[in-house]
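First chain A sits with chain B, and in the next complex the same chain sits with chain C.
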Partner chain A sequence: MLKLILPLVMLMKYMKVCSVVQIGLLIVSFMVGLMSYHDFYFYGIGFSLGIDSVSYIMILLSVWIMSLVLMASQKVKYSKNFYGSFIGVNLLLLICLLITFSSMEYMLFYISFEMSLIPTLILILGWGYQPERIQAGIYMLFYTLLFSLPLLGSLLLALNKSGSLVILLSQPFIYDSYLMMIWYFATVMAFVVKLPMYMLHLWLPKAHVEAPVAGSMILAGVLLKLGGYGLIRVLILFQFMGKESYWVWLSLGLVGGSLVSLMCLRQVDMKALIAYSSVAHMSLVLCGIMGFSWWGLSGAVVVMVGHGLCSSGLFCLANIVYERLGSRSLLMSKGLLSFMPSMGLWWFLLSVSNMASPPSLNLLGEINLIISVVSWSKLTMFGLVSLSFLSASYTLYMYSLTQHGLFFNSLYSCCSGKVQEYMILFLHWMPLNVLLLNSNLLLISSLIKMKCVKR
Partner chain B sequence: MADTPGAIVERAAIKAALKREFRKQATNPHRHASGEGGALFDPALQRFMSMKATQYDYFKPTPKASFMGLMFIAVPIIGYGLLLKRDKEQQEMRIRTGQVSYADREFKFL
Partner chain C sequence: MLSFYHYYPSTLQMLRTQVSLLRRAGPGVSVLRRLASASPCAWPRSCDVLVVGGGAVGSSSAYHLKQRAGRDLSVVVLEQDPTYERASTVLSLSNIRQQFSVAENTLLSMYGVTFLRRASELLAVEGQDPPDVSFFPRGYLFVATPEGLHQMEENYKQQTSLGAEVAWLWPEQLRQWYPWLTFGENIAAGVVGTNNEGWFDPWSLLLGMRRKAESLGAVYLPAKLTGLEYQQESNEGHRATTDGDQTTTTPTRSLTTAQMRLRNGEEREISFSKLVVAAGAWSGEVGRLAGLGTGEGILASPIPVEPRKRFVYTAHAPEGPWEGCPVYNDYTGMYFRPDSSNPQHFFCARSPLEEEEPDASDLSVDHSFFDTHIWPLMVERCPAFGNLKVKSSWAGYYDYNTLDQNLILGFHPVYTNMCIATGLSGHGIQQSPAVGRAVMECVVDGRSHSINLDRFGFGRILTRQPLKEKMVM
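Now for the complex of A and B:
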């Protein structure tokens, strides 16, 4: 782990030099990528930090997205808007995320989970564009903090009951009385609000819209996955309670996801549309994780990676449009295909991955999730039908509204598409559609581990 | 009264003046040459976007709004959840009391 954290801490010395940090982050992500063929079974990496398959995938995703974030935030550098502190805040966020994903203990995980909120808040408040960002920061902070205080209590109770909070040593708690359901909900709510689930999702459109492009990309790309990752870790303890209450999460996920997808179709703000689509994707992930099946778990991880890349890329595209047009309004950013034709390629590829069409990672993950959810009960097919159909419909709405037709007639001239932007979008798209060919790196299954051992 | 020839000509003159002003500002060569992008400021568009952005501030809980919230959000979620719960419990009871043979059981290896 030292090979990952030490370079990041040392990069903070070069906060003022943007190019060194960008190249350094790409090198760190390469080093993380080198670990991909390791036989993971809680590979201990020192400082009581450990990586297993899920952790490794999340660490790789977070380092990759962070390097793309720094590449996409060139405007902060050109407008000399405190870009040293900006890079420092981003690196601090990355360190918090690395510790979160590799902590082998629930308490360290909780502390770094909360710690990652603060750099995000600083990003939103410091480099956001609209005055509404104050409210957005408050919403994000208080939603997450309100539901994570019970999580602290329940972790302390777990420590009291079992003597240790090390994840490897955790045994499922025996479901003795109905009061333990309160314990279960207190624990799970913190992650479910981060994921986010339908009823508790109100912070997400605000925070995503008001954040600068870096904040939006890192929020959509990695911070939502903190909720999913936390659920995967914490549900080990609460297996019996989770079994009884799956129908709650399933219903909230499917019906809530469909309602949020309907909301997508009514948006006039590009970033709000992408933010609501994040909620819809994550609601399906929630259904997969809570179901305690191998297919659900692997589908959830694959969708988390695919959605991280896809949504982050779409926010990058929305920012590209915003830098030129000065507005995120869908009424103004229409007909972009005639305005920036080459960008239409990336709009198309990322939109098409957003609605889980082949050959994207989202498709693989959604297939797994649909199989796992339908295996629980056939009635879930109604919810899945509406979720999939509406997800295709709002993506098509967004693509055709932004790309097709005449462009807004009072636009002033601006540059078409910089090669750097194409590179960022290519680096978003490439893992999404090409990693599918080697998706055994992402699919989690004990069968695959057995295969490696036999060889 | 509004259809008198005088009124029609007057309205057409106002409209032509506005169009001329729009074309003059939208084709400003200095603004186009600077390459800063953006669009001509339209107060109506700005009002519309501000309205959409502050929609929640003007929300009033009326009986109709509460009814819509119940019917379209609470009832589907709770109803669908109870339906799923009941279906799963029936399925489990059928399997656990042996009414389904092992060959007929679905999704065994998931």
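Now for the complex of A and C:
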């Protein structure tokens, strides 16, 4: 793992030189890609860091998204808005994320999980566009911190009970008293807030809308997956309690996801619409992970990757429109097909992946998730129907409202898209639709990793 | 999105002030209340639509935009004088007529009348009395000499085809309808509006629209626009003009931020997506801030609107034709109408000729103008005005369109997000509701479709093709 972290630390020396860092990050993501044909259970072990399949996917995703983030933030450089510190903060965030995803110990995982909040907060407060970002930062910080303090307590209790917090050595706790349910909830709530689940999701629209494009992309792309990843790691310990309380998460996920999808249809701000769609996607992921079945976990990981790429790409598109028109309101940014015709292709490809249409990763993940959820109970079909249908409806709403329609009176166009923007969007879309062909990289293939106890 | 902001130079400063405000609230107060009271109100830092000018056209645009979009669009109106001391809106006589020679003008005024009739319902704000625009539909009487008879007949045909309610009066009918007016042999015919013409109260309309717009969420800022910044759009969109052999191309630009100055001298900045120039008589100055008139090619044409001073005199005529008097508009350009709030008082005015334009630097009144140019004509038309006495007078500005004295509406070809809505030159207040609706349609839909105002675009300024009202002589 040091082979990845040390180059990133060294890249921080070149904070002031934007091009070096961008190329450096792409090289690092290539290096991470080289490790994809791993066949060890846990490898890269050292300094209590190690990678297995899930970790590897998340690390690849985070480095990939971060390199795209730096490419998309050229405006920070042009307006001379402290771009050295900006790159430094982003790299620091990436290092925290790498440590989080590759930590082999729950305590190190917790510390770096909390640590990743600070660069995100600095990013939102420092480079956001509007003054509401103070409130957005406070919401994000306090939602996550409030629910993750019990997580610290529960990890210490786990240390006490089992003597070691190394993930590999952890055994599921035997569920012998109802008090352990409180322990379970204390642990799981931190990740459920981060994911986010429906009733604890208020921080997400605020943070996404007020963050700069870099912040939105990294939030939607990777930071939400911290919640999912943490759940996968922590549920190993709490399988038996999870079995009893699955219905809670399932109901909240399905019903909450449908409600949030309905909220999407009422939005006027493009970024708010994409943010609410993130909540809807993640609620389905929550249902999949909490079931802790093979189908569910695989589907959850695949949807996390697909959603990360897709939402991040959509935020990038929203920013492209905002830079040209000065407004994110859907009323003002209509008829973009006449205004920026070539960008319409990327709007289409990313929107279509957002509503999980073939041949995107999101489709594969959603199929797996639907199978896992329906196998638990057939009644869930109602929730799944409304979730899928509404997800298609708000995506079509957003695409049609922005692209179709009249735009201005005269023959007027503007720069349809700079090559750099096309490249960023291409790099977002390419894994979405091409990685499907080699999705054994993403589907978790070893039962041993999950340490699933036979039900 | 509208975002409010007590103006800070940096994020750190903002955070420190917030914390100190929290501390200032005192230890005895609960944390929640301290947090709630800690945010000072606010100066918007960005908006979707910035309307420059809070007069009739500006307030009407803000009202229509908010009516259409509600919370979906944030609208900020810059009005440099909240008391409207020199605004044309409140200094105008606020007459409304349908008798124009340009068809679109008739349609605009007809919508204005519909709006006025429904004003107390449309502009009602909950918890406050509905505005009363005091519309007096007394009609407008135009008379023509034999030379102008043909033009008047054409105008009459067009107006009736558009649905205006006007009546043609031959001299006998004129004498029958208006016995107190003397019509000599030089009067060939007259047209009077039997409905939907008259006068109203400009203050109520302005304040009604402003209050309704504010209640729907528009923000009015008491500041003067001092600067405009733009960004170059791209290398693809160009606008070209040819002057003889030379063709200059200008790449399209979009305006991004506006600088403004408050009354106490502080400077502020606001970023916007669309700009509406509704500054009335000062629209030419606003154009100059964007470089219109000082550049090359298309940018060499300024917004051709300048302030022109017009006088209005109030006269008391004890035997004057108080009952049933319409707005009388003579072929010489003189017009008078009764003051409905003051018995036997009449407002009289006349547009001076080009050579006699008074100096527009202040609003002082030239009293001799009445004695030389207006009174003799009034006495000739109505002998009862012989013993009138001028009681008071005032002056106001026309937002005079030097090209053709008609509306300029539409987006500028180079500054693609600057919507111009000015140049109404004296018939502004009556068309302000319709122009506001047209601005809303331009901003949201791209063009004004309820009334097709394409002919009033800025293009005619560049090609120097005036669209003049054919005045009846």
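Operating definition for what follows: the second predicted complex is superposed on the first by the 437 of 455 C-alpha atoms of A that agree within 3 Å, B and C clash if a C-alpha of one lies under 4 Å from a C-alpha of the other, contacts with A are read in each partner's own complex, and residues count from 1 in each chain.
As a working rule, contacts are C-beta pairs under 8 Å (C-beta built on N, C-alpha and C of every residue); 3 or more make two chains touch, one makes a residue touch a chain.
Owing to the predicted nature of the structure, the values given are computational and were not obtained by experimental measurement.
> With both complexes overlaid on chain A, does A:406 touch chain B (first), chain C (second), both or neither?
Once the two structures are laid over each other on A, A:406 reaches chain C alone.
> Using the touch definition from the top, say if A:307 reaches chain B (first), chain C (second), both or neither.
neither
> Determine, under the contact definition given at the top, whether A:281 touches first (chain B), second (chain C), both, or neither.
neither
> After superposition on the shared chain, which partner residues are touched by A:134: those of chain B (first), chain C (second), both, or neither?
It touches chain C, and chain B stays clear.
> Which partner does A:247 reach: the first (chain B), the second (chain C), both, or neither?
It touches chain B, and chain C stays clear.
> Touching A:335, do we find chain B (first), chain C (second), both, or neither?
Only chain C is touched by A:335; chain B is not.
> Is A:126 touching the first partner chain B, the second partner chain C, both, or neither of them?
second
> Classify the contacts of A:268 with the two partner chains as first (chain B alone), second (chain C alone), both, or neither.
Touch partners of A:268: chain B and chain C.
> Under the stated touch criterion, which partner chain does A:259 make contact with: chain B (first), chain C (second), both, or neither?
first
> Hey, what residues of chain A end up touching chain B and chain C alike?
Of chain A, residues 132, 268-269, 324-327, 329, 331-332, 408-410, 412-415 contact chain B in one complex and chain C in the other.
> Over in the complex, which chain B residues touch chain A? Could you list them?
Within the complex, chain B touches chain A at residues 22, 26, 28, 31-33, 35-40, 42, 45, 48-49, 52-53, 72-73, 76-78, 80-85, 87-88, 91, 106-107, 110.
> Applying the document's contact rule, which stretches of chain C touch chain A when the two form their complex?
1, 3-5, 11, 14-15, 18, 45-46, 48, 69, 71-74, 233-237, 252, 254, 256, 271-274, 410-411, 413, 416-417, 442-447, 454
> Mind pulling up the chain A residues that touch chain B in the complex?
Those in contact with chain B are residues 132, 198, 247-248, 250-252, 254-256, 259, 268-269, 293-295, 323-327, 329, 331-332, 371-372, 375-380, 382-383, 408-415.
> Would you pull the chain A residues touching chain C in the complex into a rising list?
125-126, 129-132, 134, 268-269, 324-332, 335, 406-410, 412-416
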